[in-house]
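Both complexes below contain chain A, partnered by chain B and then by chain C.
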Partner chain A sequence: MSQEKLLEVKNLKQHFKTGRHSVVKAVDGISFDIYKGETFGLVGESGCGKSTTGRSIIRLYNATDGQVTFGGEDVHGKKSKAKLKEFNQKMQMIFQDPYASLNPRMTVMDIIAEGLDIHGLVNNQQERKARVHDLLERVGLNKEHASRYPHEFSGGQRQRIGIARALAVDPEFIIADEPISALDVSIQAQVVNLLKDLQKEHGYTYLFIAHDLSMVKYISDRIGVMYFGKMVELADSEELYKNPLHPYTKSLLSAIPLPDPDYERNRVRTEYNPADHDTSETPEFREIRPNHWVLCTTKEFEAYKKEIKN
Partner chain B sequence: MENILEVNNLHVSFDTYGGEVKAVRGVSFDLKKGETLAIVGESGSGKSVTTRAIARLIPSPPGRIKEGEILFDGKDLAKLSDKQMQAVRGKDISTIFQDPMTSLNPTMKIGTQIMEGLIKHQKMSKSQAKERTIELLELVGLPSASERVNQYPHQFSGGQRQRIVIAIALACNPKILIADEPTTALDVTIQAQILELMKDIQKKTESSIIFITHDLGVVANVADRVAVMYAGKIVEIGTADEIFYNPKHPYTWGLIGSMPTLDSTEESLVAIPGSPPDMLNPPKGDAFAPRNDFALEIDKELEPPMFKVSDTHYAATWLLHEYAPDVEPPEAVKRRMKGFANTGAASSGEGDQA
Partner chain C sequence: MWRQRFNLSLRQRTFYIIVFSIVMLMLMIFSGLFISEGQLKINPGEMNGEPSLAHLFGTDWLGRDMLARTLKGLTLSFGVGIVAALASSVIALLLTLFASWNKTTDRMVTWLVDLFLSVPHLVLLLLISFTFGGGFKGVIIGLSLTHWPSLTRLLRSEMLQIKTAKYVGVSQQLGKSRWWVGKHHIVPHLLPQLFIGFTLLFPHAILHEASITFLGFGLPSEQPAIGVILSESMRYLSTGKWWLAVFPGLSLLIMVGLFDLLGQSLCKWVDPFHGQKGM
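Up next, the complex of A and B:
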C-alpha cells in the first residue's frame, strides 16, 4: 500500500444547535488521515458521531471547526462552482438505506446517469447508455435492469444500484455509510465482496462506516473507534483486535457475538465505565506504538505502554 | 425432556391480489421445556410468520393457517377461537417484538402497560399489580423502578424500552416466550446486556424461548437448538453445536460462510448468490436449488425429505442420500468442522443435556 495521504482530517468539529442554549457536539475534535487505496473503518455505537463525520467530510454539513483536506485542498473552504463540481466528482457516497436513497420515480438508467449528466462525462445518448450498462454489469446486475424502477428490486440489488451510482463519475474516494446494515446476512457478504473486488480493480479508497465490528475488521486496513464524538482509538485492524487498549474498545470487542457456540459459552464481557478514567488532566490522542493511537492522559499513556509490552 | 409445544406440518398462506403467497409450507418442530430454540433464515423465509401463527397473531384476512397443528398443553392452538386464544396469549405464550420504538403505546404510562396483563390474566387488584410491576422492572434491570413506572415510553432509551417490552412479556410467567429479533434494533453493547438478561430470566423462570434472528453470532450465544428456515420450510435442525460445527445443508454452509470470524483471513466471504425465491410461485423441487452451487439434478425435480444425521440433527438435502456424490463444503465452513471433529464427543454430550 502506498503511504500517500489522500484525506486529512484535523480537529474536525461538528456541533448542532438544538435550542437557544443547547448544543449537541456530535463530532468534537477528531483527527485522522486516510491513505490512498486503503479502507478506513469507522466504528462506534449509534449516536457516537460516525455518520456525522462522514457527512462532514463530504461537505453535506458545513463543519463547525477544524479542517478537512482532500488531495491537498481544503474541502470546506470557499470554492468556485467549477471547483466544487470537480470535488464532487472525486468524492462519492453510498448510503445506508437502499430503500430511501433511490428516487422511486426515476428509472435505474436515470439514477445512475444523473452524475454523468451533471459532470458532462458523456457526449451522447449512446455513450450514456453504454456507460450505464457497463456500470450495471460491474456491480453484478444486467443491462435489462436499466429501464426498471427501484421498487422492482430487492434490498441487495438496490444497494448495488447505489454503488453503481457512486462509481459512475469515476471517484477516487468513496464514503460508505453503513452500506450493509439494512441487508440480510447472506446478501451482506455479496455486497462486501463486491466492494472489495471493485477496490482491487480500480484502486478506490474507502471510508467504511459501520457498527458491525466483525465485518469492519474484515474489510478495513485501519480502524478508528469513536465514542461520544471523540476518536478513542485508532490502529491497523489486526493490531486493534489483538491489542485493544482503550477500555471502550475492549468492551466493544467483548460484546460482539461470534458464530461459534464454544466461544460464546466462554465469552467474558467487559463493561465500559467512563468514570474509571484518570481525570487529572484532559486526555489527548497519543501514539502508543507506531500507528496505534489512543485517547489518554499521561498516566494512562504509561500504563498502556506497559500493557502492550506484556 | 418433555415437549411443551409441538408444531406439525404447519402451512400459512396470505391471499393477495397477485395470488396466494405460501409463506410457511409445512413446518414441523417441537420445543422442549426450558430450552431456547433459535430460528434463523433471511427475510421472507417465514420465520416470523411461523411464530406469529403459534401466537395466533396472523391477521385474517389476508392470512390464514391452511393446515397443520400447533399442540400446546393438550390443545390445538390452530383450532381455538379468538376468544379462547385470548386466554392463552399473553399468559402462557407471550411475544417480544423486534422494534422497541414501536411496540409500546406512546400515550400510556409504561406501568399501566405492564399492569394490563396482570389485571386481565392474573386477576390482580390494581395495587397488587403495581407492586408486581415494580418487581418486574427491577428484574429486567431498570433502575429506580418505583419512580419510573409513571413515565412514558419516550422518556426511555432504546435499550430501556426493550427491557420494558421484556417485562410486559414476562408479566404472567409465560411458559413460552417468543422473541422476534429482540436485539436487532440495538447496539452491540446493549444487545449483549439484553441477551444476558434473557438468559438470566430463563434460568429463574424455566420458560422456553423461541428466538428469531438472522444474526448467527446471537444464535451461537443463546441457542440450545437451531432451526434453519428457507422459503417457508425448515431445511436443517439440530443442536447449536451440530449446526455450527457439522452443518449438512448447503444453505447453512452459505449462512455460516457469509459471516466473517475475527480470525478470518484475506480470502473472500462465501456469499450466497442470487436472492430468495418469490413465494407467490415457489419453484418446483428444492427451493434453494437455483442459488445452490452444490445442487444435483434431482433438486430441480423433487423436494428433498428430511434426512436423519443424528437423533437430534436432521437436514433436507439430497446430498445426504446414499447415492449422492461426496461433496466438500466450502473452506470457511470446513475450518469450523475441524474444531468439531476434535471436540466432537465432548460437545455432543453437552448437547444432550441441553
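Up next, the complex of A and C:
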C-alpha cells in the first residue's frame, strides 16, 4: 500500500442547532487520514456520527469547524467554479437506501448519465449510451436495463445502479455510506465483492461506513471506531481485531456473532460503561503502537501500553 | 372478459380512456359552440314543455329549448372552469418552485397562503371580481386568484419531501443547477398532484362561478351559464318543473366526471410504475 495521503481530516466538527440553546454535536473533533488506494472503514453505533462525517467530507453539510484536505486542497474553502466541478467529479458517494437514492421517474440511463452530462465526459448521444452500457456491465447488470425504471429492480440491483452512477464520472475517492445495510444478507456479499473488484481494477479509494463489523473487517484496510461523535480507536483492521484497546471497541467486537455453536454458547458480551473512564483530564488521541491510535488520558495511555505488551 | 376479448395492456387501456374522455368533452363543447342565437330565442308557444322528442330536455318558462341552453351553458362553464383551474394550477406550481428556493421565499409563500386562506373564500372572490369590473372577465380573474392556496400548500409539502431525497443531494453534489434539479426531480413528482389538483379545482371553480352568479355578482343573466340556469330554475322547481334543474345539473355532473376520469388517466399515464404493471 502506498503511503500517499489522499484525504486528511483534521479536527472536523459538525454541530447542528436543534433549538435556541441546544446543539447536537454529531461530529465533535475527529481527525484521520486516508491513503490512496486503501479502504478506510468507519464503524460505530447508530447515531454516532459516521454518516455525518461522510456527508461533511463530501460537502453535503457545511462543516462547523475543522479542515478537510483532499489531494492537498482544502475541501471546505472557497473555490472557483472550475475547481468545484473538478472536486465534485473526484469525490462520489454511494447511499445507504437504494430505494430513496434513485429518482423513480427517471430511467436508469438518465440516472447514470446524470454526472456524465455536466462534467462533459461525453460528446454525443451515442457516446453517452455506450458509456452507460459499459458502466452497467461493469457493475454486473446488462445493457437492456438502461431503458427501465428503478422500481423494476431489486434492492441489490438498485444499489448496483447507485454504484454505477458514482463510477460514471471517474472518481478517485468514493464514500460508501452503509451501502449494504439495507440489503438482504445474501446480496450484501455480492455488493461488497463488487466494490472490492472495482477497487482492484481501477484503484479507487473508499471510505466505507457501516455497522456490520464482520463486513467492515472483510473490506477495510484500516478501521476507525466512532463513539458519540468522537473517534475512539483507529488501527489496521487486523490489529484492531487482535488487540482492541478502548473498552468501547472491545464491547463492539464482543458482539460479533460467529457461525460456531460452541463459541456462541460461551460468548460473553463485554458491556461498555463510559463512566469507567479516567476523568482526571480530557482524553486525547494517542498513538499506542505505530498506526494504532486510541482516545485516552495519560493514565489510560500507560495502562493500554502495558496491556498491549502482554 | 372484457380484458381478454380486447387483450389490451394497462397502458393501452389508459390511453383509450384518455381518448374517449377527450372526445366526449370535445363533443360537449363543440355542440355548444355551434348553437346559434336563433335556437336560444324566446318562444311563447312552447312555454314550460316537458321533455319530448322535439325538446329532449324540455323547455323553460319562456319557451326556450333547454337542451340548447344547457349545451351553451356547459361550454361557457367549461371555459370558465378550465381557465380558472389552469391559472390556479400554474400559480400554485410557480409559487411552489419559488418556495423551494430558500427559507425566506418559503416563508413568504407560506404567509401568502395563510393570508388567502384566512379570508372567507367567497368574500374574496366577490371583492376581486367586483374590483375587476364583474362580468365574464371579473369572474375569471376572481376565480383564478382565489383557488391556488390549498393546492400550493399541497405541492409545497410534497416539494419539501422531494428536496430532502437522496437523489437531489446526489444531483447537487454533481454540481447540477437548481434549474436542472427543479426540472428533472421536483416537477415530475409534482405533476401527479398538479393533475389531481387541477381536476379538483375545475368543478370547484365552476360551482363558485355558479354561486356568485346566483348571488348576482357574476355573469349577466342573459348568458346561459349552468350557474345561471340552476339559480333561475329554483323558482320553478316547487311547481313540479323538475327538468329545468335535473338535466343541466346532470350534464354538469357528467362533464365533471369525464374531466376527473381524464385527469386520473393522465396521471396514470405519466407514472412509470403504473404504466408497466402489465395487465
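Basically, the second predicted complex is superposed on the first by the 310 of 310 C-alpha atoms of A that agree within 3 Å, B and C clash if a C-alpha of one lies under 4 Å from a C-alpha of the other, contacts with A are read in each partner's own complex, and residues count from 1 in each chain.
Methods note: a contact is a pair of C-beta atoms (placed from the backbone, for glycine too) under 8 Å apart; a residue touches a chain by one contact, two chains touch by 3 or more.
Because the structure is a prediction, the values reported are computed rather than measured.
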Task = Quick one: on chain A, after the overlay, do chain B and chain C clash, or do they fit? Just give me the call.
result = fit
Task = Look at A:Ser101 in the shared chain and tell me whether it touches chain B only, chain C only, both, or neither; answer first, second, both or neither.
result = second
Ask   = A:Asp170 contacts which: chain B (first), chain C (second), both, neither?
value = neither
Inquiry  = One more residue to check, A:Glu8. First (chain B), second (chain C), both or neither?
reply    = neither
Ask   = Between chain B (first) and chain C (second), which, if any, makes contact with A:Pro261: first, second, both or neither?
value = first
Task = Examine A:Ser214 and indicate which partner it touches, taking first as chain B and second as chain C; both and neither are also allowed.
result = first
Request  = Have a look at where A:Glu114 lands relative to chain B and chain C in the superposition and call it first, second, both or neither.
outcome  = second
Task = Considering only touches as defined above, state whether A:Leu84 meets chain B (first), chain C (second), both or neither.
result = second
Ask   = Is A:Gly156 in contact with chain B, with chain C, with both, or with neither (first, second, both, neither)?
value = first
Ask   = On chain A, which partner touches more residues: chain B or chain C?
value = B
Query = How far apart, in Å, are the nearest Cα atoms of chain B and chain C after the overlay?
reply = 7
Remark   = Intersected contact list for chain A, partners chain B and chain C none
Request  = Name, in rising order, each residue of chain B that touches chain A in their complex.
outcome  = 42-43, 187-192, 195-196, 214-221, 223, 240-241, 244-245, 254-262, 264, 268-273, 275-276, 336, 339, 343, 347
Key: Residues of chain A touching chain B in the complex   = 45-46, 154-157, 184-190, 192-193, 196-197, 211, 213-215, 217-218, 241, 251-252, 254-264, 267, 269, 272
Message = Quick check: in the complex, which residue numbers of chain C touch chain A?
response = 165-167, 169-176, 184-185, 188-189, 271-273, 276
Ask   = Which residues, counting only chain A, touch chain C once they are in their complex?
value = 58-60, 84-85, 88, 92-93, 95, 97, 100-106, 110-111, 114-115, 118-119, 149, 151-152, 165, 169
